[in-house]
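Dropping the structures in below, format is structure tokens.
Here come two complexes built around chain A, the first alongside chain B, the second alongside chain C.
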Partner chain A sequence: MKAAVIVFPGSNCDRDLAVAFEKAGADVTMVWHKDTHLPEGLDIVGVPGGFSFGDYLRCGAIAAQSPITKSLIRHTERGGYALGICNGFQVLTETGILPGALMRNSNLKFICKPVDLKVESTESAFTQAYTLGQKITVPVAHHDGNYNVTPEKLEQLRDEGRIAFTYVDNPNGSTGDIAGVISKNRRVLGMMPHPERAVDENHGGTDGQAMFRGVMDALVSA
Partner chain B sequence: MDEPKITEDLIAAHGLSPDEYALILEIIGREPTFTELGIFSAMWNEHCSYKSSKKWLRTLPTEGPQVICGPGENAGIVDIGDGQCVVFKMESHNHPSYIEPYQGAATGVGGILRDVFTMGARPIAAMNSLSFGEIDHPKTRTLVNGVVEGIGGYGNCFGVPNVGGEVRFHPAYNGNCLVNAFAAGLADTDKIFYSAASGIGMPVVYLGAKTGRDGVGGATMASAEFDDTIEEKRPTVQVGDPFTEKRLMEATLELMKTGAVISIQDMGAAGLTCSAVEMGDKGGLGVKLNLDAVPQREEHMTAYEMMLSESQERMLMVLNPELEAEARAVFEKWDLDFAIVGETIAEDRFLILHGNEVKADLPLATLSGSAPEYDRPWVETPAAEPLADVPQIDPIDGLRALVTSPNYAAKQWVYEQYDHMVMADTVRAPGLGAGVVRVHGTDKALAFTSDVTPRYVKANPVEGGKQAVAEAYRNLTSVGAKPLATTDNLNFGNPEKPEIMGQFVGAIKGIGEAVAALDVPIVSGNVSLYNETDGTGILPTPTIGAVGLLDSLDDLIGGIARDGHVAMVIGETEGHLGQSALLAEVFNREEGDAPHVDLDAEKKHGDFVRDNRTLIKACSDLSDGGLALAAFEMAEASDVGVTLDADDTPTLFGEDQARYLVACNFDEAEALMVAAGQAGVPITTVGRFTGDMVRMGSSEAPLSELAHAFRTGFDAAHR
Partner chain C sequence: MKVRVDVMLKTGVLDPQGEAVRHALGNLGFDGVEGVRQGKVIELELAAGTSEDTVKDMCEKLLANTVIENYTIEVL
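What follows is the complex of A and B.
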């Protein structure tokens, strides 16, 4: 499996995401945001967590205008896989690749702690290695993770089975307790929690491993 | 532009005494220009010159086979084997944080991170030691919120895990909070960068963010006491931009790989002045700067303002001119300023040009080396009165009072606002003694802790100084780490008062003895004096930051207590209640002597814990709150009840030193006792982890009830 991880100025989970892909057996290339083209023959693009462009203006808003982001949009339009975590999820919503917007946490504070998630769909490469309804523990670390969609859009996401994970105990005020959503073609996942921080016994939990394993299985056999 | 005339008022406003001004006249043989006066004031203030503390700091042990670089550089460097080293320091940002809590704390974090990556190390861990006034004092809430948000806002964005620290509340900090920021980084031992310039005619390059008027005179402000004009000092606080800092770090580390860096220094206190003088002085060279080339973010800045600005996220380096194009390309990639602003010169001169005029022309070595040094008068702190009787208290009542006090309640409200997992190498999160971070890509790990018990230092500076080091040593030991070295952040009141100077001298003596005995040399540090408001000083607070090494994560003592585990105390319990947490929190009495520290016992007991780690399932050092609080915290973290046999106050709440609480399997307890016997280490079985109650003698309460009180105590008090 060939993966690329985009590096924006201010990304700070780029290495962590690359390590998680590598642990799952992927070849990983880091791609600078000023590059105009993603490498050829990619299986998946990772958009990492952090504070791209300092979260100035709006989280992910400036990164959505970076040269590489045009290439990312083309990649997903052609049916390519992408995984956006935390700030990466914010970038994916800012580009319109995924619906909704991420607003300030309802308690107005940064929150860093392990949270329990419920697996709401196993119909994607990212979630196929989990069981439906499974409870997993994955850390969150964000100031703007409060996922907002209109009631109509929420209905649609539910109808289409595009909610990947919900919070068991909603930490940030997200609509419908949503922690992660899948694109219409089920090949793009955006989520606020950090599965790459739960892939090693030393992390205190390994519930994120199945996501990377699932992606690996789907893309290697594809 | 005309510069102001030098008057007595102007001299005083620069924090220079008449004697110091006379010395300036003697050195340069003429009246200084306004810019020169500013430069002297920046170099000679307490914050930059250590003029009151230098004499005593020299007595601290700073060497050892593990030490690669001791105090004097941006940060200390300690060997961790396999060609790698850990680079660390702790520094205060007390005055700015009191004036403007968010930016003061944020730029404190920024400054310490810069100290670390300036040396070629990627920051891998941060901690903070915070001291605030009483929790219900009108100013405390704003300060706590602002400081915690500022630390989080900067560190989270920069992307360094915050793995530990302390938060305390005491009326002595009502008018002067303390914000001590620690950072550690990892570097290859053969790729360390220092500040000494070398080579004549080498370009001096300005890197990073542009210069503005923020922070002009900040270091001088930080060297004065506060009074009711404090609000007027707000413009002297700098404004932080962690996004620029992150790019500056990436660009600097990338630049270092090109071979273009001859020497490098971050611009911290007194910005361009201090960094340029330090680089020249260490290299035995002069420096010529042309301020017209300095990237500026405001218009019409004067030489004075540029030389004293403390704008953040800036560096100065001496460049290998052959690699200028490569170096410039790195900074262009990261969209940061890269400007040649001067050159190294052979003469001993600090020459500042601006708009074709000479604004300053000073002898550089003298400017740096002739800062006044004071042997301030001091008096020894009188011995504490013996402790009057302490009434017996129901143990559960005593414990409940401790766990609900803001000082000892769980602090997740604070550390959940800090990203403690970014970089994905955090093995032990904050809240449980030392933080542990894996050395990326290896099986090794580093442990970090910061400690001091200011009550002890006030009662007995020598023993209190020792205790701060000993507690740090024990916290590292409790996770199985071998303590390597320390950094000290010495926060005291006005050194011109002999009793305050006596606290300082005593604490240094204690710290020195302890770091020598425990082989944890001081490799970096910072002194913050004049922590007084309207003449009232803080508790003497010499914070000790310490770093330990785990050769393998297999050596980690990171487990929890389980039902059936035996609770044992390593070390001698005599029941010392003087200056104890119980006495302060329950009886509102800060009385008696501090517990005395037996350094031989500390060393022996620490070695014993490390040598017998396989028999120890969970370990905690005994400090504030004694056995009762440590046993509760271990039970709470493990979600299993605990029964302690003792019911008397001294045994349960005494704060004798050199002690650890350990949990071990029933069938291994005997082996541990035999080992202790052979090693000559006192060990006592004190109870058992079992069930879901906390029991001490005949007093008991459900663990869940106390845990709830412990988890919500801080929030309840802070609201």
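What follows is the complex of A and C.
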């Protein structure tokens, strides 16, 4: 499996994400945001957490205009896989690859703690190694993780089984307790919690491992 | 030419920051503050003759996130 991780100025989870992909057996290339093309023959693109461009204007808004992001959009339009975590999720919503928008947490606080998630769909490469309804513990670390969609869109996401994870105890005010959503073709996942920070015993938990294993299984057998 | 763009959250989108300001005003003893919405003001210095359509394009592509925000354009 060939993976690329995009690095924006202000990304800070890029190396963690690369390590998580590597631990699952992937070859990982780091790609600078000013590059105009993703590497050839890529299976999946990781859009990491952090504070790209200092969160200026809106979280992810400037990164969504970076040269590499155009290549990322083309990659997803061709049916390529992508995983956006935290700031990466914000970038994916700002580009329109995923629906909705991420706003300031309802309690206005930066929240940094492990949270319990419920697996709402196992019908994606990212979630197939979990069981439906499984509770997993993954850390969050964000100020703007309050996922906002219209009631109509929420219903659509539910009908199409595109909610990947919900919070057991909603920390940030997200609509429908949503922690992660899947694209219509089920090949792009965006989520606020950090599965790449839960792949090693020393992280204090390994509930994120199944995500990278699932992606690996799906892409190797594809 | 100078153009001013106001970006506000759409009606119906809960504004946590506005709510916090409303609470703070109440704590200061200002009664009757029934609602606060917080937005952004962006001032653009543009070449003379830049069309309003171009500014609109700027708003749609970058200055506002039209999923949750509305914008108004004012030529100063």
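Operating definition for what follows: the second predicted complex is superposed on the first by the 222 of 222 C-alpha atoms of A that agree within 3 Å, B and C clash if a C-alpha of one lies under 4 Å from a C-alpha of the other, contacts with A are read in each partner's own complex, and residues count from 1 in each chain.
Everything below uses one rule, namely that a contact is a pair of C-beta atoms (placed from the backbone, for glycine too) under 8 Å apart; a residue touches a chain by one contact, two chains touch by 3 or more.
Given the structure is predicted, the values throughout are model-derived calculations rather than measurements.
Once the two complexes are laid over each other on the shared chain, residue contacts for A:P195 go to neither chain B nor chain C.
In the superposed model, A:N12 lies in contact with chain B only, and not with chain C. By the touch criterion defined above, A:D55 lies against chain B but remains apart from chain C after alignment on the C-alpha atoms of chain A.
Between chain B and chain C, it is B that contacts the larger number of residues in chain A. In the superposed pair of complexes, A:G84 makes contact with neither chain B nor chain C. In the superposed model, A:I111 lies in contact with chain B only, and not with chain C. Of the two partner chains, neither chain B nor chain C is touched by A:G145.
Touch criterion met: A:M103 reaches chain C, while chain B stays clear of it.
With the contact threshold set out at the top, not one residue of chain A is in contact with chain B in one structure and with chain C in the other. Taken in their complex, chain B has these residues touching chain A: 149, 152-153, 156-159, 241-244, 246-247, 250, 333-335, 412, 415-427, 429, 438, 553. Contact residues on chain A toward chain C in their complex (touch as defined above): 57-58, 61, 65, 93-94, 99-101, 103-108, 146, 148, 173. In the complex of the two chains, the chain A residues touching chain B come out as 9-10, 12-13, 15-16, 19-20, 32, 34, 49-51, 53-56, 109-113, 139, 141, 143, 194, 196-197, 199-200, 202-204. Within the complex formed with chain A, the residues of chain C that make contact are 13-14, 16-17, 20, 61-63, 65, 67-68.
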